[in-house]
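There are structures below to look over.
What follows is a pair of complexes built around chain A, which joins chain B in one and chain C in the other.
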Partner chain A sequence: MLSQTVVKRLKEIVGEKNVVTDKVGLLTYGYDGTLLSGEALGVVSPQTTEQVVEIVKLMNEHNIKLVPRGAGTNESGGTIPSEESVVISFTKMTKIHEIDTENFVAVVEPGVINFDLQVELEKKKFYFPPDPSSFKASTIGGNVGECSGGPKCFKYGVTRDYILGLEVVLPNGKVIQTGGRNFQSEPGYDLTRIIVGAEGTLGLVTKVFVRIIPIPRAKKTMLAIYDKVEDASQTVADIVAAGIIPTTLELMDNLLINTTEDFTHAGIPRDAGAVLIIEVDGYPEDMDGQVKTIGDIAKTIAKEFKVAQSAVEVDQIWTSRRSAFGSVARVRPSYGVNDITVPRSNFPKAIGGVLKVAKDFDVTIGVVAHAGDGNLHPLILFDQRNKEETETVHAAEQALCMMALDLEGTISGEHGIGLVKKKYLDKEFTPAAMEAFRKIKRSFDPTNRFNPGKVIDL
Partner chain B sequence: MGVLADVYEMLNTCNKCGGCHTACKTYKLTGSEEMSTRGRIQLIKAVADGKLEPNQEYEDAIMSCLLCGECAVTCPNGVHGNELVMAARRDLKLRKGIKPFAKSFALNTLASPKRLGMGFSLFKGVGKSVLNKIDGLDYFRGIDIRNFPTAKKPFLEQVPEKITVQHPKHKVGFYVGCFLNYSLDQTAHSVVKVLTKNDCEVIIPKDQVCCGLPQYAYGDFETAKRNARITIDTFLDKYSDAEVVLTACASCAAMLRHDYLTLFADEPSYLSKVKLFSEKVVEFSEYMAKIGVDQSKLHNSSPLTITYHDPCHMVRGLKVTKQPRQLLQMIPRVEYKEMFEANRCCGAAGLIQAFYHEVSTDITVQKTQNIKDTNADLVATSCPACMLRLQGGINKAGQKQKVMHVADVIANAYED
Partner chain C sequence: MSNVNISKLKGIVGDANVIDSLSEMAKYLKGQGKPVVVVLPGNTSEVSSIVKLANEQNVKLAVGGAVVNTQGITGGIAMVMSRMNQILEMDHLNLVAVVEPGVLHKEFLLKVAEAGLNFPPEPYEVETSSVGGCFAIGDSDSKSFEYGPTRTFLLGFEMVLPTGEILDIGNKCIKNVSGLDFIHFAVGSQGTFGIFTKLLVKLLPAPEAKKAVIGTFASMHKANATFNNLIKRNVLPTRMNLINASLAKNAKPGTEGQLVIIDLQGFKESGKNIANEVAAVLTLGGGSDVKIIEDEVEYDQVINGWLKVRAYLNAKPEQTVEFAVGPMKMPQALAQLEALTGDLGAYPGVIVEGLLGFVGLALPEGTDKLALARKVNKLAMSLGGNVKGLLGHKLKAEVYNDAEMWKQTTSLLSELRQQFDPKGILNPGVSLEA
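Showing the complex of A and B:
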């Protein structure tokens, strides 16, 4: 429980209706996209950097921890108030300060929804490449916190590659600006890149300078359909080996094809073992050549290869892919998602590894992957109400992580560590590296008040 | 618990991906999670699990849902948030009855023709002159009371029970609905005009009552059923010669066609009759497009730009979107312009505009801006509640567009 004094002060800072302390309100800020939940002491929604500073100072005076939150769509438990803490929600900081198409930069508040930014950018024929599947709901602040990826990452890179600078409120209540609107790297230590992906454990982001680029003049979307998921993974390796970089190279297996077809009716054959969604972009005159090269490679294994003929068809295909996570509750009510990532050349081996885990643990796994990046999302389906089954799932998840590490991969490509993958982090990094992480955390946040218990334990 | 137990699997199918955030206007405009579909679902689940005792905040979360249905279209898992909210409202009704007083009074008034007539009469004559003197009431809760239209006499008292034509090709039963009867009687006349111009004999039963949607939406199934029975029996027994039951109110149409079936799902003996009735229900534009409007009779001398607003019950309830647009474009010299988010709620959402006016006002402001951006002269729509809400919002924003029912626009295009 927060004391009356603290609640009163919070209300003075952000206004009465931007402070939540009732049970109903707290319940709705206790979950995210994972199966975890917690209950915050309170929820406060600032609207300006000054208010954030005031909140941080007040929390420091009363020794209260803060959990930053955007839309709460993450897959790592990063926004769960797992310890006694106040949730600081950025969903009401939604201003787009500036869109500067001459210098390829936009300045936004952290609560701006990725999709809403894209809509504004599109009016000026620009876009922001990082496009996590949750982009219609997730915030730029959340994308920065988790260093989100998305289908376009194969060609364009992840969120980190599009953040030029940040305004950050540090745990001591001081405001710093890292980087800026310039394209070149900044002098001094690269604080921008330390804050991006730090999941709010080092500072609270209150302004984001994002790099924007012109929308490509043309794009082509292709579908390659396979009997077996292993076959699809071979095409991925072949395309990469041929030195081609499509914009996206996405894989969905039979299970996901079916759950997404139920929703989108995109016309992907339900009996296919897997589908690859391949997109290329660039100048109109480059399209045919790229499509032909990719088609030639795919057709050696794929049972069908086609190019989408209309914008509607392309939309349906992407709606399918983006709703993959959301759609699996049609099969079982709960899912555990991984974002293990392996070097591209090891992708076929990783697919084999996932199939083996499914067999060894007798669990249902649906596979969707940013295949071009070697980034896999095996979705283990189960019912959380069944305790025994839940434990098997956790064991299978661990096996998947170990499998990725054995293939020189990582336990997390883009979802962040949060609470869910914290226990595997020291499997990936040496004790010395883990200690370096802790030192960084302590130097920013010596009293461990920003998103405590996430990423690493001190 | 029974009601929530029935929908528990659907509650449990929400895996909190947040995909509905983009669909939910009350969330988008407040940024508050408890005002999102996902938030509401998790709260209902907490109540179903016995982890939360329904309190005022819970009731606000449940009652502030627009029931626009967009979340159901957006959810990759096929979870229908609006149906879950309906179950929660029914559950609340069974637990506590309908509170507070104002809501209960409003619903009872709507259910009774006599009291409803008195209610609408508040907006005319002495009542209106009093209202006009109170400045603060001018835009009471975002509703433009001063310009709220009222029929001098209910439409049903203005017309005979049967309006014949020279060579009748069709016999149409006209379910007028409360708004067209008491407030927008001119629109009801437009409906009759368009029908008769296209060789339809119109049968207008005098003893029709409210369709029951307002009561149904707040969980009062008993009253809703009572009104539903009256409606069904009137049209099927007393006026069985009517080939179709036509209404020009999208909300009434969705209620008559779909929700009656849900409402009587637990009464198999009556359900077959409900099915017969449901199959007869048609919405105005849907019907006119089906029987065909003689385009050669439509005239219009000066260029006119029209945009169309899809009422929630039209686009997601009846899934009718093409027909009204086709009809409008049949009129000579009409330029049709589509607005941004034409299919999203206008903010009226039944009684939401009165009880949760802050959020509904923000929704309307967005809508009126989208209308302005089209540079249209006229906004056509298919629901009287939307018409009143949109015109109020447009007036409040100082814009000039006129809001009309599709039936009015077509009726105006006949020379006499």
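Showing the complex of A and C:
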């Protein structure tokens, strides 16, 4: 529990209504997108960088740890107050300071919701490419923390590729600025890059300079339906070999086709082994050529291939994919989501590996994947209330991670490590790499006060 | 007297790969420092042994691809990576190359092109730059708007740490957020976190078509105005560069006036239309000799001309001031700059990377660099930018009158360096204090 003195000081810093200490209030900040939970000592919501600095200093005086939080949609346990700590919530720092389309930069506070920024940008025919599926709720600060991905990464990369600079409050309460409004401003080391994806373990981000780009002039959306998942992977490999970089190569397997059909009635055959959503963007005059190349490739092996002819048809195609995670809830009440990633050439083997894990552990697994990136989301369906089943699921998740590593991949392509995958981290990284992480953490936060226990232990 | 144990070095890499005669050493060295030996390791374990030896004997060591900067290593060891020059793998399925650090950048570009692929980062120096050096410097360049800065192209590496330990990190996945992002953090650390001994390089498919549009202009301002026009029309080429009259001749012999080079990498169909649009904008904007270049040989000549000019500036950091502002702030920046430099066309060197809003200045002999940088930084800051890199950061803090921020930044940087290199062995000439 927080002492009255600390609570009083916090209220002085951020205002009465921006401090939560009651049991019910705290409960809501104890969860994120995972099945984990914790309980914070208190929740404080600053509105300015100066307040963040004051909070950090106060916490240091009283030796209290801090867990940063945006919307809490992450899939890593990164915002769970797992150790005795105060949650610092950035949802009140929601200003878009500036959108400068002429110079391709926007300056935002960390609590700005990704979607809200996109809406503002769209008015000016611009966008911010990182769009994790949680983008309607998740914050830019959270995207920075986890280095979020999304369906467009094959062409456009992940969050780190769109962060030009940051304002950061360090664990000692000092403020630094990393990078700036352009590519060329890093001070010696690329501090921006190490803070992006560090899940708040190195510093608290209070301002973000994001790179924005014009919405492509043209886009084409295609759907290919296959008998087998392997056939879909073949199309992916052939498209890349043809020198085309689609924005999106989204795959869903038979299980997901059926659960989404229950929900959307999009008309995808229920006996199909896989569907692939393919999207290309660019100049209008290049679209026909690319669509033809992709069509020729897909048709050699797909049972059906179609090109969306209207915005409505594009929406129809995407509705299935967007409802994939939600749709499985009709089958079982809980699901565990994973973001293992393998080199593209090992994608078919990874699909095989998922099937094997499902069989070995006798669990139901559906697969959604960003196939161009080799990034899979195996969804393990179960009932969290059944303790035994839950343990089996955890064992299956571990097996999936090990499978990805055996295929020279990574345990996290876009969700981050947080608490959920921390235990597997030393399977992916050698002792020297683990020690490099600790050296970095020690340089920023020698007393381990910022988001303790996430990613690595000191 | 130096502590370097030459015979132990010979034991590690063989007699032939240890050079300690001054005359033979010269071709591997640049700068004022006086190392006592040049050593050329052939593999990772030799690199590791050399670094361990340096630690044991408390000897400074600096590393280079083909040529080593000797600053700070008087009495120490210069390590040249040119024997580790193999492309170990060209993986078409995953669009990844596995290369040794000593592979020359220009040779790598050739091999990548032969494979029908694309490695966008520009060589820092046309002839001698290595792939290892490319990532150790980790710059952005005039193609970064389209392709991303250099770090974008590193997926993993093997590195010998300043203590001699070998660190292996990364994989062929193009999407990877596992652990802290040491992979990209190491890019640009100029060999202070360690020595790259193997690199996993991300590649792209080669563009379907390449074209260039060139033209010459009577003034820098007129030339730059066409860039703003293109951006307003949402025409965003691969490169949109401008070289002032003094340097333009080096890029393209016989050029009179300021040279504009627009590089268009992409698809055939759109490429044709954009090239015509660009040519029209350049002509309407007052350009002479505007020309669309489709011939491959001529295209390469034009681009190489640009690279040569870029390398010329890169070669003399002490006589160069570089800054960036937003691309559309460039007209104001150039106008204000002219008040400091006089006629931009006649200045020893001015280059503009239009898409990045970047300006590089080659200073006249005898210029007080810091004094000029201070003025340029004020100018840039008033337009939302700043002088590049560490120096810019320092000058920015100066303008904010925020000594604390600068102190915090440098103490964080030196703490990081100290964590990795407790004895201060590796590349001591690299300063993190500007």
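Keep in mind that, in the parts below, the second predicted complex is superposed on the first by the 447 of 458 C-alpha atoms of A that agree within 3 Å, B and C clash if a C-alpha of one lies under 4 Å from a C-alpha of the other, contacts with A are read in each partner's own complex, and residues count from 1 in each chain.
Here is the rule we go by: a residue touches a chain if its C-beta (ideal position, glycine included) is under 8 Å from a C-beta of that chain, and two chains touch if they have at least 3 such contacts.
Computed from a predicted structure; not experimentally measured.
Colleague: When the two structures are superposed on chain A, do chain B and chain C clash or fit side by side?
Modeller: In the arrangement built by aligning on chain A, the partners chain C and chain B fit side by side.
Colleague: Using the superposition on chain A described above, determine whether A:390 touches chain B (first), chain C (second), both, or neither.
Modeller: neither
Colleague: Quick check for you: in the superposed arrangement, does A:181 touch first (chain B), second (chain C), both or neither?
Modeller: Touch partner of A:181: chain C, not chain B.
Colleague: In the superposed arrangement, which partner chain does A:398 touch: chain B (first), chain C (second), both, or neither?
Modeller: Touch partners of A:398: none, neither chain B nor chain C.
Colleague: With both complexes overlaid on chain A, does A:448 touch chain B (first), chain C (second), both or neither?
Modeller: A:448 sits against neither chain B nor chain C.
Colleague: Answer with first, second, both or neither: which of chain B and chain C does A:170 touch in the superposed model?
Modeller: It touches chain C, and chain B stays clear.
Colleague: Using the touch criterion from the header, give the chain among chain B and chain C with more contacted residues in chain A.
Modeller: C
Colleague: Which holds for A:49: it touches chain B only (first), chain C only (second), both, or neither?
Modeller: After superposing on A, A:49 lies clear of both chain B and chain C.
Colleague: Should A:72 be classified as contacting the first partner (chain B), the second (chain C), both, or neither?
Modeller: After superposing on A, A:72 lies in contact with chain B but is clear of chain C.
Colleague: Which holds for A:23: it touches chain B only (first), chain C only (second), both, or neither?
Modeller: After superposing on A, A:23 lies in contact with chain B but is clear of chain C.
Colleague: Could you look at A:343 and tell me whether it touches chain B, chain C, both or neither (first, second, both, neither)?
Modeller: A:343: touches chain C, not chain B.
Colleague: Determine the nearest approach in Å between the Cα atoms of chain B and those of chain C after overlaying the two structures.
Modeller: Value for chain B versus chain C, nearest C-alpha atoms: 20 Å.
Colleague: Hey, which residues of chain A end up touching chain B in the complex?
Modeller: Per the stated touch rule, the residues are 20, 22-25, 27-29, 31-34, 45, 71-73, 89, 91-92, 94, 111, 113, 115, 134, 136-138, 259-260, 262-263, 323-330, 333-335.
Colleague: Quick one: in the complex, what on chain A touches chain C?
Modeller: Chain A residues touching chain C: 100, 102-105, 146-147, 149, 153-154, 157-158, 160-161, 170, 172, 174-177, 180-191, 193-194, 196-198, 201-202, 214, 217, 237, 240-241, 243-245, 282-286, 289-290, 341-345, 370, 373-375, 408-417, 421, 425, 428-430, 432-434, 436-437, 439-444, 455-456.
Colleague: Tell me, which parts of chain B touch chain A in their complex?
Modeller: 9, 12-22, 31-34, 36, 39, 42-43, 46, 52, 55, 57-58, 61, 75-79
Colleague: Taking the touch rule as given, give the residues of chain C at its contact with chain A in the complex, in rising order.
Modeller: The touching residues are 91-96, 116, 138, 140, 144-145, 148-149, 151-152, 161, 165-169, 171-182, 184-185, 187-189, 193, 204-206, 208, 231, 234, 236, 266-270, 273-274, 322-329, 356-358, 384-386, 388-390, 392-394, 396, 404-405, 408-409, 412-413, 415-416, 419-420, 432, 434.
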